[in-house]
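Next come two complexes built around chain A: one with chain B, the other with chain C.
Moving on to the complex of A and B:
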């Protein structure tokens, strides 16, 4: 990763110096190796720029605000993030002219929860090589295989293609995407209705309505969400009962249907580790099966099958009967 | 001091829950939060930081305040307050216990919050001393002793036993009810563990964190600092940090309206939400920077100024662990100079 970080920093410096871009969005060092935050940088201030295995956040959502500012911005996007970028372009949330997109090669990013789960405690410092995370703790050194601590979204990576990029920075070869990212959805489909209901009821009962999933989601770009709008009559700040626990998520899933790129950000940010991506991925799978394969964000201005009528479209009746196992 | 073998903990839980609702850290769908004990519950006393703190037991995320029954022109007000039934909350860490003090300073002063008060008086608190520390812990920055919390009862656990010490009359009474389940103990397992934990705490990165710079800091100078812009720039305005925080105390009052009546309830609110300060007269905080600044100024400046210097952060480190973008109070403290030279 250090190799890639160096290339990115050089690229940022060069583009800032030449005046091609005015600002850069990337990640900034924090209190520790894994404590990194999205951040913007300018010509005289690239201090703290970092890129390592914990830079899993999808930067696309920030671009909605950045696009409104003067000048041009260099943005580093992982393959998955490029789909979000295109989707935002298609929805006229951002303007391409405002960004210089550099695609960065990716072999997956890590989830600190999975590092902790391996009994790693009392962390003093960390470093990484190609396959391992080397952790110094008060109890001695611990080696964690990166493969064992990948974010869910990286385990089920949909593609290593860059859907958009003015140029790319790739060091070595990227490991291929997961050819069967629908496996977990199939598992849910094979459950009985009662089992599936119980599964989601238990998962969603943990939801604290922090809205992190919504606020991080690049498809959730409404200026005033219906759930924050007092005038909507359904504005809700809490899950007052079991019904509301589900309502928020079902509405959100429907609202991003056909627009969700499966970037996995919702599951990454959830403090209760609710597998939200499975709701959205189920919708994606259904769209693929009923209307033909479609990947949101693969192309700019593609027609979302849910708003595009073709004669080959499945009849609603078949979908309902087919879904009622 | 008394003790019980870890192997018999389920008997202890059963015995307590036979007389009281027992609220303690349980694992559900992979995450550990406080919940009620029931047969077969996966109790996780070992976990330091439950996702949500135990504050729900006194200040639940949603709580009905009153109901209105509407019949034609007649409105009847129904009091829904439950009257003090004693309950036990077990496993409270020193930081979370100190957070109850912070909440008391808000809810138990004039005008008294009777909803909170009723629960607070009914609660029997069993604290759990920390047998380990995490690198996100910084309780000692706020003068909290992680290995010796108070409460009605304090327990310590090592790999074999749970050690039990009653601290108050309520605690003594509970101990008596448990009878032979707890046996006398006179060894020094607790002291040994305390020494070890203190030694490890001193080695961790946040051991030297201090809030000194906020004590003498000028409020307006801190408020107007240009550091807030950079500190907050990645903030999503979600409520994660406030909802996992044991001391955050803001709530909203809402109504649920049906044909036959109205339920008025309160629910946690978050200063990070964009409609938090919205009123009929307008919106004084229009940017996320202002909201972010509010959260930390409240914890580190406004609250202490109104409460004889008591901070409203207890260093539990939940916001450090849970912010999806790696923003947290530690970064704020350090940015304003809060680190002692080693």
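Moving on to the complex of A and C:
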């Protein structure tokens, strides 16, 4: 990925110098190799620009705010992020003219917690090659296979195609997407109701209502969110009981139903490691199975299945029974 | 005395009925002297698609043990297409609720026209029987709303 980073930096420099774009959004180096965060850069200040295996964040959400500013921006999007970009275009939250989209190749990004879980301690520095993360620690060198520490969202990668891109930067071959991304949902569906209830009770009781899932979600772009509106009757800072834990997550998933591109940001940012993507993916699976295959963001201005209908739609009962045991 | 009442607590069923078909169907059931269980509480809505998913969640929160949604038959909607939209929305919502482990029998959609008083009565009796067998809804309730 070092080669890719160099190409990206060159591209950013060239476009900034020629005046084609005024700003760049990418990732910025933090204190350590794995500590990277989304940031904007300008012509005079490209310092700290980085692209490594920890740059898993989806930059599309930031473009909603950036779209309101003057000037054009260069944005680096991974294949899965391009779907969110398209979805935001369809919803008129961003303007295409304000962005120069460069698709960057992706072979999955890493979850630092999974690296720690492999007994990596006392990190001094890190580097990476195609398949491995090489960690220099106070106890000597440790090699972590990238495959073993992928983010959940990268394990169930939905696509390696760029839904939108003015140009693409890809180094080497991208590994194929995972064709069985509904496997986990199917596993839950095959459980009994009581088992599913126990599973979600355990997972959702971990929720601290930090709203990170909502804030990171590229589909959650309402200016006034229901959860911030005291008049909605469902705004609450903390979950008071079991019902509210469920209520928040049901509503969150339902609000993005048909618009969720399955980018997996919700699970990535969850500090409590709740598999939130499983709720969204269930809705996607139900839509695909009952109302025809639909991938949000695959094309601009596609009709969202929830604002659409056909006279031959199956009855609600069949949707419930078809999907769950 | 209170203890006895508590033990004999009947389930609470909320029925959302559309103004044009199902509510009129309930009226017809009444004027035809067909009975439906007293635990069914009818809420009149302009159209079945007026029912926001949050209404259903709120009903459960406030102690409903079952929620049934009644509307015109597909194709007969007073607003042409409302019930087609309801069908999709509720399909996904009910499926999600079931995914969370809430019994699928607790939620139901039935199409009842204004001429189907007998169907209204039969549907409500059947639904109340199902909910009675399932018992109290413990999986989706707000404890603060219970006495």
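Note that the second predicted complex is superposed on the first by the 317 of 325 C-alpha atoms of A that agree within 3 Å, B and C clash if a C-alpha of one lies under 4 Å from a C-alpha of the other, contacts with A are read in each partner's own complex, and residues count from 1 in each chain.
To be clear about the criterion, a residue touches a chain if its C-beta (ideal position, glycine included) is under 8 Å from a C-beta of that chain, and two chains touch if they have at least 3 such contacts.
Everything quoted here is computed from the prediction, not taken from an experiment.
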{"item": "Chain B versus chain C as contact partner of A:240, first or second or both or neither", "value": "both"}
{"item": "Touched partner set for A:13, first chain B, second chain C, both or neither", "value": "neither"}
{"item": "Contacts of A:32 with chain B and chain C, given as first, second, both or neither", "value": "first"}
{"item": "First, second, both or neither for A:211, with chain B first and chain C second", "value": "first"}
{"item": "Partner chain(s) touched by A:189 [first = chain B, second = chain C, both, neither]", "value": "second"}
{"item": "Which of chain B and chain C A:288 touches, first, second, both or neither", "value": "neither"}
{"item": "Partner chain in contact with A:118 - chain B first, chain C second, else both or neither", "value": "neither"}
{"item": "On chain A, positions contacted by chain B and by chain C", "value": "240"}
{"item": "Parts of chain B lying in touch with chain A, wherever the complex brings them together", "value": "28-31, 33, 51-52, 61-62, 132-135, 200, 203-205, 230, 233-234, 236-240, 242-244, 252, 254, 256, 265, 267-270, 273-275, 278, 320-322, 324-327, 330-331, 334"}
{"item": "Chain C residues within the chain A interface of the complex", "value": "53-54, 57-58, 61, 74-75, 81, 84-85, 87-104, 107-109, 139-144"}
{"item": "Of all residues in chain A, those that touch chain B in their complex", "value": "30-32, 35-40, 57, 61-62, 112, 121-124, 138, 202-203, 205-206, 208-212, 214-216, 228, 230, 236-240, 268-269, 271-274"}
{"item": "Chain C partner contacts - residues on chain A that touch it in the complex", "value": "188-189, 193-201, 233-234, 240-244, 246-247, 250-251, 253-254, 257, 279, 282-283, 286-287, 290-291, 305-311, 313-321, 323-324"}
